[in-house]
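What follows is a pair of complexes built around chain A, which joins chain B in one and chain C in the other.
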Partner chain A sequence: MPTPLFIAQIGLTLFVFVMLLSSAAGMVYVERKVAALLQQRIGPYLVGPKGLLQPLADIIKLMFKEELRPSAADAFLFALAPIISATCAFAAFAVVPFGGDTTLLGLIPGGLRLQVADVNVAILVVFAIASMSVYGIVLAGWSSNSKYSLLGGLRSSAQMISYELSYGLALAGVLLVGNSLSLTDIVNRQAGTWLGFIPHWFVVVQPIGFLIYMTAGIAETNRAPFDFPEAEQELVAGYHTEYSSMSFAMFFLAEYVNMVTVSAVATDLFLGGWHGPFLSESIGWIWFLLKVAAILFFYVWMRWTLPRYRYDQLMRFGWKILLPLAVVNLLVTAAGVLYFGS
Partner chain B sequence: MQGWLSILIMIALGAGFALISVLLSNVLGPQKPTPEKEAPYECGMPPVGDARERQSVKFYLVAMIFLLFDIEVAFLYPWAMALRDLGWTGFLQVVLFMALLLTGYVYVWRKGALDWGNEKT
Partner chain C sequence: METQTVHHGAMFDTNELVINMGPQHPSTHGVLRVVLRLDGEKVVDCDVVIGYLHRGIEKLSENRNWTQIVLLTDRMDYVAAATSNVGYCETVEKLLQLEVPRRARYVRTILCELQRIASHCLWVGTHAMDIGAMTVFLYAFRERELILDLFEEFCGARLTYNSMRIGGLPLDVPPGWAKKVLEFCTIMEAKVGEYEELLTHNRIWLERTKGIGIISGPEATGLGLCGPALRGSGVARDVRKDEPYAAYDEVQFDVVIGTNGDTYDRYLVRMEEFRQSLRIIRQATEGIPEGPIVGKVPRLIKPAAGETYHAIESPKGELGYFIVSDGKSTNPYRFRVRPPSFCNLQGLRRLVRGHLVADVVALIGSIDIVLGEVDR
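Our next item is the complex of A and B:
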């Protein structure tokens, strides 16, 4: 017997899925418009009002393009890689809460939490799926049997695993302060303010952790200035050089959905999630959306402002600066938690 | 259990969407393969040799070092959850654990396993 809560949960899952898809499409548009803004161009403006239908036009165009595959490629893995990438991107968002309990205008007795999957080890799931997504890229690079793809895939895997350590350690710092593996609990510990005006966000007590998390997150999602897997000037298009049509679109979809997930997790862990002034908790998801949008804008801003690093600089920074910094941050946090006992 | 079911639904939705859109483009798009189209892209030049050649051992080294440190991070998660019960004893134990790792870290650093190329900048 499906209860109203169960139906609402299924509905919410579908809703989040569609929203993720549209956020990826929206990000393509925002990326191009912001790039145009920063370079004093107009950007897309022909398709739809102010070019708003541009992502749709792109998808339709890609849909009708020929699906190419190098004859020497490994057919099965070549087809599998984009699907793995896209699946991992969607799965990671499933555990991210994006709002407090809601009764959906009184339709659901007891309230529904705005989160696809309420599991008590959400942070571990995010960490695990972030590690999985490297498979899509490595398999794409290897199966293409193209030199550019292979180099892109190798570089990418080395980069992602190097920065994953700092990513994981930054998460552990928040675990210490929040004392929970559940993202919902961590967000709820960030409600309220100190002295009436400083929000009780973990970015205040974990500023270095936040910086490490964002740096590693940008490297994990392969965005500029760490976009080595697809460094156009060196590797053509990196791991997806040989991909065309919708398989190519899947990699792009995965990249944008991953960006949204990293921003959403950053909001939950460091920026207080749906807690903020002026709005009650039932419509707190507005705050959540605003914070995620701000981080996403920052992502795009970074890409069109900073030049790409050199590969040896990237590896040195990850292993010799970020990793020790993350360990020290974790130990200092642990000592602080024990000393102040909060 | 409902939480995990929802994750599975999400995975199925993601995989299903990816599969269907790729299949759809296979149906909708033209299929006119030529030997040139099926060759790997090498900037218009005829491809030289196979792509699966020997690669720099650096990548292998990084993967090995990653395994060690990633297990360390995995150990730290339960420790972080239990720190309030363990108190300063637990803290000192992890400091000792970190010191042991640090020895290995200094070793790979001095051996040059973390250097990529010869640049001194």
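Our next item is the complex of A and C:
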């Protein structure tokens, strides 16, 4: 006999999956509209009211496209690569909490946490899965047996080793302050305020960590100005040059879901998750959505404003600036925690 | 092109990677093909392959009468068609020893400079887009649109204008046009500042353009580079100053030169040229004299046997026409164009060597080529 909690858990899992899918579609629309706004254009407006159905039209178009595979490609890996990318993108979100306990209008007496799985090492899980998603890109680049794709894949691996270390060290700073590896615990430690008006968010005590995390997050999601693996003007479409139809759509989807995940993790780690003034904890997810939306807007804004870095310059930046900065940040944080207590 | 084995020590021997960049590639500015030989992402050598847009304009011209050729010159540098028109008409006028009225020369100056701004707008947009800054492209096209409107009002066309006649202008400027040009100058002045705000001091832009494709003045001269690509290396060569044509000897302007000869300096030179062009347009529009718009052109244009070369400063550099007339027929015996894009393109091989793939697109943008003019 399944308990209401069990049914709610299943429902929540499905809900998160569908929400991630539609958030990716929504992001496509938002990206195009914000880009249009920045470039003094109108953007999509024909399909549906104010062009709202444009992402749907895009998906339908992609589904009806022919699935092409270069004859020289490694068939198995070529098919596997987009699956790895998409799976990793979805999997990472499983451990990300996005709201406090809710009783779902009194249906579940014990209360349900808005999170698919509460893992006590959630940060490590996010970090591990994010690192794995690079395999999707590298394999796609390699298995296509095309020169531009290969360069894109190589760039991706070069890029990964240069930001992952500082990314990890930036997270370590938060671990020290939050004194836990569970994202839920970390969020809960950010409740309340200092002096009554400064929110108890870790961005206040970890500003450098936040900046490093955001910078590395852009590289992580392959967004401009660090979109080297797919740099359109240089590598045509980089690692997914040879992909078409739904396998291309999966890369596309993975990129946007990754963006949402990185923003959600940033919100949990640095911006107090679902904690915020005015709203009670049961509807705290509104705050969560607002914060994620703000970070996503920031990503879109960056992409359409800045020129692209060169990948060797990112490597230099990663090793010579971000990494030392992250190490110093970690040491100072450790000293601070030791001195003041956490 | 042959690939070579690169010896990286005893353990690994790696092959160079040959990449065909173009003719279908997002940033080859038309149909250019660059065969790159790569060691990793480093360009060992490159071969520039042209000819995908060859339409035989030079040969065609030998079978058209002198007036009809104006229309063909439109199709060479199609982002600065009026400049090509002026260059051709002045060459024929030189051959005919024809006096062009002052009013026509002033209007030509205004059109040429408007065209320079339009061409540079397209350049700054595509150059920035090649380096990844998407938004500048649409900003620059917004202002280019204003120039196209001015041209449309003058001659009815927006891209290939056919806006000149041998001996002067086909028609006078419409009433109120001069005022609109001055209004445009005010708008443009502010917008150039907007582009510069997005790029000039942007750290990423600096890192992507400074020290990329450095070429010294003597070497640039030796390669035959011209226009902003040459001036970026500090050579103050500008046909408008050195051999004034149209009304350039009656207006004040500075020749902008760079110091380091890298991509950034070529960028700065063109950005400053925006301002100098506005300065010229303002002076010419305010000082536009009254009078006829066409000189004493014979009904049948049939220059005496002889040859002549005349060059003007197109937005891309020195655009020269060499024309031979046999004195018997009503079409040129030989028609030859020295297109600045073609001459600048041969510097590409020298510029990209040792740089990365990402820099190749920056350098193609930095020499500002139009394939219609390269291939003719």
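Just so we're on the same page, the second predicted complex is superposed on the first by the 342 of 342 C-alpha atoms of A that agree within 3 Å, B and C clash if a C-alpha of one lies under 4 Å from a C-alpha of the other, contacts with A are read in each partner's own complex, and residues count from 1 in each chain.
Everything below uses one rule, namely that contacts are C-beta pairs under 8 Å (C-beta built on N, C-alpha and C of every residue); 3 or more make two chains touch, one makes a residue touch a chain.
If you're wondering where the values come from, they're calculated on a predicted model, not measured in any experiment.
In the superposition on chain A, contact of A:Tyr311 is made with both chain B and chain C. Looking at the shared chain after the overlay, A:Gln9 reaches chain B, while chain C stays out of its contact range. In the superposed model, A:Leu77 makes contact with neither chain B nor chain C.
Shared-chain residue A:Lys147: touches chain B and chain C both. In the superposition on chain A, no contact is made by A:Leu53 with either chain B or chain C. Considering which of chain B and chain C touches more of chain A, the answer is B. By the touch criterion defined above, A:Ala224 reaches chain C but does not reach chain B.
Of the two partner chains placed around the shared chain by superposition, chain B is the only one that A:Gly168 touches, whereas chain C remains out of contact.
By the document's definition of touching, both partners, chain B and chain C, reach A:Val236. In the superposition on chain A, A:Ile208 contacts neither chain B nor chain C. Touched by chain B in one complex and by chain C in the other are residues 147-148, 154, 236, 310-313 of chain A.
Here chain B touches chain A in the complex through residues 2-7, 9-11, 13-15, 17-19, 21-22, 24-26, 28-33, 35, 37-43, 50-52, 55, 58-59, 62-63, 65-66, 69-70, 73-74, 76-77, 80-81, 83-84, 87-88, 91, 94-95, 98, 105, 109, 114-117, 119, 121, going by the rule given at the top. Those residues of chain A that touch chain C in the complex are listed here as 35, 38-41, 147-148, 151, 154-155, 224-225, 227-228, 231-236, 303-313.
Contact residues on chain A toward chain B in their complex (touch as defined above): 6, 9-10, 13-14, 16-17, 21, 62-72, 79, 82-83, 86-91, 93-95, 116-119, 123-125, 142, 144-150, 154, 157-158, 161-162, 164-165, 168-169, 172, 175-176, 179-181, 236, 241-242, 245-247, 249-250, 253, 310-313, 315-316, 319-320, 323-324, 327, 330-331, 334-335, 337-338.
Of all residues in chain C, those touching chain A in their complex are 17, 19, 25-27, 41, 128-135, 138-139, 142, 198-199, 202, 204-205, 207-208, 356-361.
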